[in-house]
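As written, the chain order gives the labels A, B and C, with residue 1 at the start of each chain.
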Amino acid sequence: MRIFVQKITGLLLFLLILSFISFCLLQLVPGDPVRSMLRVDDVAVTDDQIQQMREQLGLDQSVFVQYGYWLQNLFSLDLGNSYMTGRPVFIEFIEKIPYTLMLTGTSLLVMIMISLPLGILSALYRGRMTDHLSRIFALIGSSIPSFWLGLLLIDLFAVKLRILPSMGEGSWQHLILPSITLGIAMSAVYVRLIRASILESSHQEFIRSARARGVGKQRIFTFHLMRHSLIPLLTVFSESIGSLLGGTVVIEVLFAYPGLGKWIVDAITARDYPIIQGYMLFMSIFIVLLNMIVEWSYRYINPAIAIDPRKKGVTS
Amino acid sequence: MSLSIGLRYSFLTLFLLFLIVALVWTPYDPYQIQMGDRLQTSSAIHWLGTDHLGRDLLSRIMEGARTTVGISLAILFVSLLIGVPFGLLSGYIGGWLDKAFKKIIDAFMTLPDYIFALILTGLLGPGLVNLIFAITAVKWVSYARLVRSIVLEQRQKDYVRLAEISGMKPWKLVVKHILPHTIGNLLVLATLDIGKIILMIASLSYIGLGPQPPSPEWGAMLSEGKTYFQTAPHLMIFPGLCIVITVLLTNSWGDFLRDRYDVHIQSHSAKRSMSSILFRKGV
Amino acid sequence: MLSIRGLTVHHQLQTLVHPLDLQLHRGEWLALAGESGSGKTLTSLAIGGLLSADLHAHGSIQLEGKELLHLSEPEFRHIRGREIAYVFQDYQSAFTPFITIGKQMDEMIRAHTSLSRQQRQHSCLAHLEQVELPAKPVYNSYPFELSGGQLQRAAIATALLLSPKVLIADEPTTALDSLTSRSIIQLIQRIQQETGIAILWITHDLRQVQRTADTLLIMKSGQVVESGKSHSIFFHPTHPYTVQLLSSIPKLPSRYRLELQNKQVNT
């Protein structure tokens, strides 16, 4: 819990600085949000209208005043309304979360289904054909732009074979191609990690102790070795949750999937600043929260964390 | 092993040759629009075909190589230029500077690279310069962090203490004795990063935040080509392949150098937390 | 009971253990002594078929007339733990860190027998009591919650769970402080008196086994340089290396020391 508070305060400080910079940048950037906003309605815009809109949004005041307002509203989770839809940023953010989480979850599933067997096999048969193949897979997998892989998959499954939908959302079939694309892209790293972790664990002396007790090979592998290998993997995983969410952005755009990623890219294209700022803030908190959840799950795998190390020794 | 080293060197040489040629010559003007020749497939005249505006794809890919590789090297260079001195200072001087720096690092680490760069380009608006600025702003941190950790590690060594005691000037000590220790690690991290940066540029410009048309960039070319990929798949395949080959080359070189210098950049933090978790024993 | 003839251990072309003979009888305490790298641990691992894949053992190892070296891995599994049990030096690695002691003891019984749950738990608790541990709490705790001495006791209890015929103890007290290690030795002595188990005790420190060992086997660079009844070796070492080992013992009773000094003068 202390770590959580530390993380959050550090993050808030960072966001404060970043949001202020972003406010200053807004003054410098070309392109007027008000114009782009009014242009959405596609009618001739008069200068009066623009001026009126500016006042309405408070854009006519100085940066510092605007920033003050923004901070004030922040505490009531009110980050203003989207220029595009006129709806509160926070509500829109919350609405998009399930989509992205769903996509992330299914991609993780694909990732595990690919990388776990490949990683185990290449650890068991290290230096042999399987190992070399998985190395090549990992190397190529980490060199392919995920969106390009996605385009190739769309071409094959949606255009040529016509068995899967390519775009949008609505049925479980819509999730297949995006998840496979992301899953493959992610598993490249994990195949090698799993392999290394298993090899590292197999040299642990407690494995020999279990063998000396006559415990069966399969049981040692699943109950002793694999579980031990999972611990560093979880650490790496919790550290890379952020980049995992980063990876969903381009995939969501590619597949026109209405999650957080497409939302922010659309907002950027439309210069919808309340959304950009809100996204920055909520996304950081969201990632920290997800990190906490993963770290929490450690204790089920490694009870050494859950139990206070000071309470050592069983007194008789 | 020697075969793969030979292959690695020859691929690198080929790639560099391609880049050098692309710097001085392209078969056609990459910006020349020929609406009569649009969406042609490979032929003797246009080796890789033409795009939706009739521009020669090979010429555009060569021009794009300059942009893509050029941008990523520029980002790398600036990141090193900012990150290394920062890491050296923070690690060597310590105190409040280091504490403040650690806070900055932690904050940077919470937001993933890609999202951070995305937000920055979003705020600044799309374009080449903004893209470079945004990715550099994200990337320099990892170099500063790496250098800082090496400095902290080396400072504990006896030879540094000896040099300090014998009255060596701090800047001389840092440059002459500590800096050389960072080179192997920096080389590996930088090589692996070229690929990552290229992928990041490509994916940001695919979204539409990169260099604006008509200037060719591989990711942006993919974005343009996507509209036509049923009728003219070559528009999508060739730029994509170029990205894959380039990143593959830098990644395999990075792996090779990492084995060679025996450094563990990625696993640094993971290793530490793993052992601290595992070996926190109740003795 | 355990009879080893001409055992060798190879790594590729290198011979790590030269032909070694060893006889271990019921109720006997045999100490295999030598410096690190002398091949004593390799010998002990070869008996249980625990050598890593790149090491090869040849010769003959018989347990009550049954040849062990030609056993397949699944057959060997049934010998290990049930007939030959191990206690290792690194007590922290005696148990897998994230599984409770009880579960690991239970797992071992299940690997070899088909006892019921109650029977298994009863046996585990009884054995933990035998090694003078608070049975119930230890049964439910994770390895990292115990102290070094407690862990090594738990490891001994686990080794004795299925009443093996031979206990191979590979420097079980080296990593412990001297008080704890003495109490561990006393514990094993007591258990041997109660059960008549044969003990192969591996150590680099002769001082430890001075009073407990019946038979001594001194190894150096993979070769047995001296063997025999321990008191006769303590009094009349023949090989210079043994003399050296003995003289490195700091506190010998004065009558031994005199003997030794005479010996060194003579050679």
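The working rule: a residue touches a chain if its C-beta (ideal position, glycine included) is under 8 Å from a C-beta of that chain, and two chains touch if they have at least 3 such contacts.
Owing to the predicted nature of the structure, the values given are computational and were not obtained by experimental measurement.
On a Cα centroid basis, the chain most remote from subunit A in this structure is C. In terms of Cα centroid distance from the overall Cα mean, chain A ranks first. Averaging Cα coordinates per chain places subunit A and subunit C 52 Å apart.
Mean C-alpha positions place subunit B and subunit C at a centre distance of 56 Å.
Each chain gets a centre from the mean of its Cα atoms; for subunit A and subunit B, those two points are 21 Å apart.
Residue numbers of subunit A whose C-beta contacts span two or more other chains: 228, 302, 304, 309, 312-313. Touching of two or more other chains is recorded for residues 97, 144-147 of subunit C. Those residues of subunit B in touch with two or more other chains are numbered 278, 280-283. Partner subunit A is touched in their complex by these residues of subunit C: 48, 50, 73, 77-82, 85-86, 88, 90, 93-99, 104, 107-108, 111-112, 133-134, 137-138, 141-142, 144-147, 150, 155, 158-159. Those residues of subunit A that touch subunit B in the shared complex are 7, 10-11, 13-14, 22, 25-26, 29-31, 139-140, 142-148, 151-152, 155, 159, 228, 231-232, 235-236, 239, 242-247, 249-250, 253-254, 264-265, 267-269, 271, 273, 276, 279-280, 283-284, 287-288, 298, 302, 304-305, 309, 312-313.
Those residues of subunit B that touch subunit A in the shared complex are 103-104, 106-108, 110-115, 118-119, 121-125, 195, 199, 202-203, 206-209, 219, 222, 226, 229-230, 233, 236, 240, 243-244, 247-248, 251-252, 255, 269-271, 273-274, 277-278, 280-283.
Partner subunit C is touched in their complex by these residues of subunit A: 204-217, 219, 223-224, 227-228, 301-304, 307, 309, 311-316.
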